[in-house]
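Got some structures for you, see below.
Shared between the two complexes below is subunit A, which pairs with subunit B and subunit C, respectively.
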Partner chain A sequence: MAEQTWLRQYVILERAALRAQLQYRVNFWTTLMGGVAYQGTQLLFLGVLLGKFGLIGGWGFSEVAFVFAMRLASHALYVVPFGSLRLTDEMVRDGEFDRVLLRPVNPFLQLVTRMFPLMSLGDALLGLGALVIFGLQAPVDWTPAKIGYLILAVIGGGLVETGIQTFFCGLSFVATSTFSLRIFADTSITQFSGYPLTMFGRATFYAFCTLFPMAFISFLPATVLLGRTSDVPLPTLLTTLSPLAGTVVFVLGYTFFTKMMPRYTSPGS
Partner chain B sequence: MAVIEAAELVKEFSRPAVLEGRLPRLRALFSTKRDITRAVNGVNFEVEPGELVGYLGPNGAGKSTTIKMLTGILTPTSGVCRVAGLEPSRDRARNARNIGVVFGQRTQLWYDLPLRDSFEVLADLYNLDRTTYRNRVGLFTELLDLSDFLDTPVRSLSLGQRMRGDLVAAMLHEPSILFLDEPTVGLDVVAKARLTEFIAETNRSAGTTVVLTTHDMEDVERLCQRIIVIDSGTVLYDGDLSRLKERFMPYRFLVLTLAERSIRRVADIPFATEVETSAVGTVLPYPDRSVVLRFDPREITTPELIARVSQVYQVDELSIVDPRLTDVISKLYDGLLT
Partner chain C sequence: MSTAEQVRAFRGMTRAGTRSVLIYRGDLITGAVTLVIQVVLAIAVWRIVYSGRGPVDGVDARTAVAYAAIAACLQSVLLPWQFSSLPMRIRNGQIATDLTRPLGLIWQVFGQNLGVLLGRLPLGAIGLAAAAILGALTLPPGWAAGLLSLVATVGGVLVAMLCNLIVSMVTFWTFEVSGPLIVYRFGSAFLSGSLIPLWFMPGWLRASVEWLPFQAQVYTPVSIYLGQTRGGQALALVGVQLVWVVLLTVLLELVWRRARYRVVVQGG
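Then we have the complex of A and B:
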């Protein structure tokens, strides 16, 4: 029995997850629409906000909308391939994680394929659409280099969110319930990371770069593309390298996850 | 060369300590004190290839915890276990290819998919070619009579059907070692018989090593040559099933149904003691006319005892009953024999 590649195993498990989801038709359509509606309201809210005030933290509508679109696209890159990570907490608590450990497949791979990301397909559509529309409206002269940078930044942003969520998965092996932490992370990312984060003041901004690194999700790389790095109280080089942060955060989160996994207690007999 | 080895195996669990005094629950939120329980406390045993071993013990004895360490689910606190030469917790994925596992309490199938789909996903994950896969599923379907529900979603299966499905799922990749944790729990007589027959056959024909935990002594008597009994995380007995009885319950019972209702009780028969009728463990047809004598076959042979009894009593009927395994085991659990 030869070992398959990760990609092959991913396809096998994701296909099974999709088939499982397709068993419930009503659920299929409602979740698909729910995804678009949920993230769409965020965008509407932003429109209303800027319609009233015009500028946020010295940033105009087209600029904030662009940051927000990058955020949505990054979020889609987390939630489509890795969104099932949010189920880990429960699997660890009720012992379903046993099953993961009994199969000859990487546990992380099995966690991310636990459920097919139907709801997230809405996120993906919205993220991609918003990125194209607001990217074209943003005051950026698009060159191939800048497009490349944007793609790296969006992937990096997705990895930041994935890394944070993976960290929580690791935590669930010792903390039993990480539900509220996870919700906290999710809502704060949704509510903060689409805005110019410098508007919250220096101390908060540094916290967003370190403790809770959501500045890397879209704000920092956006300042590079929009030519506003001077707004950021960080060396320009560091700001420019911000898309790499995703890899760092993810590696840290994944390392923590694998270090904590042996502490799984397998509840139930 | 042993295929499964456990050496000084220990597993401890810790949880936040239960506090005493005022507002214990509130204070517990801020306390870092932890209670430590040793679920498995220095277990040693070896299993040779092709053995079918019963791993027995009362609830909470540490059976499942041991199995979980051998299957790579739990990491031992100390000590070593090896399965087919691998340390399960370190070499988890490779170990998973060598073993098949069934937990009676928990399914490993895809809950929302038809049974057949679960098999196909597993076949893909274990990289079986189509012919091998079809042959095996065909064989198992026949042996375990799955054809009626192969296309039913797992969530709609009865417990007996689901267990059969789980067993096939655990065996599709033809593991050389099977761990079965209470595979017959909650099953009816027919389903149980089918399952135990299948397990016995697998062990016999394919030489699969089987470690089985169960509370059902019928399963044990039907399947296991050897048993390991643990309690409070330590091994109480490890050896032949028949020797267990010989060693701990060397006697047999002679059950007499007397001809007359009012009979003079207890004649002095050497090497036999009258005991309560309940000792036999089954309901006797005429309790008021029954007498149960316990004797040790090493002291008096059965024909000799019968001859002596017949001299004293008018006997309508008599039968010889062996002590039940469940009585032996429950005495073991109670610590009466150690």
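Then we have the complex of A and C:
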């Protein structure tokens, strides 16, 4: 099929997936709330913690909440369009992936439209809301340039997360279960990407920039906007360019995915 | 079925539940790694928040760090992501077979959940070992506190399992239960005190959390273990757990009575 119909294919498949999910009304609303509850508890935690202790790693609540909001908005950009990637390892294990290979649509596209991740709408709602509220409260003098940078950073962060998840999908072709690994990535990103990551010491921080590139999701670009690049043990130029990392991580993840796909063995055959 | 046979059947369900966890070795190993990293980071966060500070609200750094580590381990054992196969069984119609079994459905699910929980105990132990290596664990102030915290842990497990079961029952009405389960899971993560102990919550929040069953799951056993709640107060907390076990059992029975008439066998 022609390349330019990708977006159309995506829209058609995703709409069908959404319809399938909307069949269960009560579940729709509770899942939406689930998304809010999941992220909301994290925010509540930070609020209670900093309400008691004032500072963490030298950062106050308005700054930490801003990093958190950026992370949440990025997360929404991953999870709304790409959230059903998490189903991949189950599909590979059950052999449902056979069907994907038989259809004349790009496998990756089919995977991302497998099921509409309803919970993500809750994330998106909270993410956008939090970004506006905490963006206004953060000690940043907003200019059009800074807003542009913020948008780029949020998109970049979403791509980093998508890239990491796509990498796991690739891994699921060779490992039987990647469930815990993905839960690990999810929980680490949720629980820790809101903190000023430099507070964990240099070695850990560098690991967050390379092995598990969580620092790019919101922390590094946030230091630029908050004028705190001096906290970061990296050249300022590199920190400033951090929104570009999303593309790099995504391309790496997708390449790994396509490289691993031929190693899929249909179970039970 | 005689009582002895019922007990045997129950144990069979428990074994099956445990096996369903232990069979995925890869998941267990990554689960352990995940928990260890979570514990390590939680310890780091609390040490950093406390750096150079004296006790806050009468809680010193050592206690707060130990609390964070133990609570994370307990939480990961109590609330695994897939704690019950009940929603899946209702959705794909397997519930029909389950209902014809001589052991009541509630006991089947309860047995299976208990099995899952037992299967996850090694995970919690690995998490605790990591905390111990980092010097984050402390001993209870005395034998009595240690024993009482064990009792409270069992109470917490019961409360958690009853809550899980009641939430799973929602599937009889909605067929899809991932939504309620997620709200429950994350709501309870905060409300159980596993993210942050009740000591540090502002008054209004703490007062409302104390009226909910979740604090009985994690906060009660850990705060008794650490000697933050002592004597009569500790006994009172265990008493609250007992009240919750009774109340939730009654609630479960009521929900189940109504659910029985809602059973629709899908794909039948």
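Before moving on, here are some points about what is shown:
Everything below uses one rule, namely that the second predicted complex is superposed on the first by the 264 of 269 C-alpha atoms of A that agree within 3 Å, B and C clash if a C-alpha of one lies under 4 Å from a C-alpha of the other, contacts with A are read in each partner's own complex, and residues count from 1 in each chain.
Throughout what follows, contacts are C-beta pairs under 8 Å (C-beta built on N, C-alpha and C of every residue); 3 or more make two chains touch, one makes a residue touch a chain.
Keep in mind that this is a model prediction, so the values were computed, not measured.
With subunit A as the common reference for superposition, the partners subunit B and subunit C occupy compatible, non-clashing space. When the two complexes are superposed, the chain touching more residues of subunit A, out of subunit B and subunit C, is C.
When both complexes are overlaid on chain A, the residue A:Pro104 reaches subunit B alone and has no touch with subunit C. Judged by the touch definition given at the top, the superposed model places A:Thr236 against neither subunit B nor subunit C.
By the touch criterion defined above, A:Pro262 lies against subunit B but remains apart from subunit C after alignment on the C-alpha atoms of chain A.
Touch criterion met: A:Leu13 reaches subunit B, while subunit C stays clear of it.
By the document's definition of touching, of the two partners only subunit C reaches A:Phe200; subunit B does not.
By the touch criterion defined above, A:Tyr38 lies against subunit C but remains apart from subunit B after alignment on the C-alpha atoms of chain A. Minimum C-alpha separation, subunit B to subunit C, in the superposed model: 5 Å.
Touched by subunit B in one complex and by subunit C in the other are residues 24 of subunit A. Across the complex, subunit A is touched by residues 24, 26-31, 33-34, 37-38, 41, 44-45, 48-50, 53, 56-57, 81, 173-183, 186-187, 189-190, 195-196, 200-202, 205 of subunit C.
In the complex of the two chains, the subunit A residues touching subunit C come out as 24, 26-35, 37-38, 40-41, 44-45, 48-49, 51-53, 56-57, 118-119, 175-181, 183-184, 187-188, 191-192, 195, 199-200. Note for the complex: subunit A touches subunit B at residues 1-4, 9, 12-13, 15-16, 19-21, 23-24, 95-96, 98-99, 101-106, 262-266, 268-269.
Here subunit B touches subunit A in the complex through residues 13, 59, 64, 68, 71-75, 89, 92-94, 96-97, 101, 103, 105-106, 108, 110-113, 117, 121, 124-128, 153, 173, 181-182, going by the rule given at the top.
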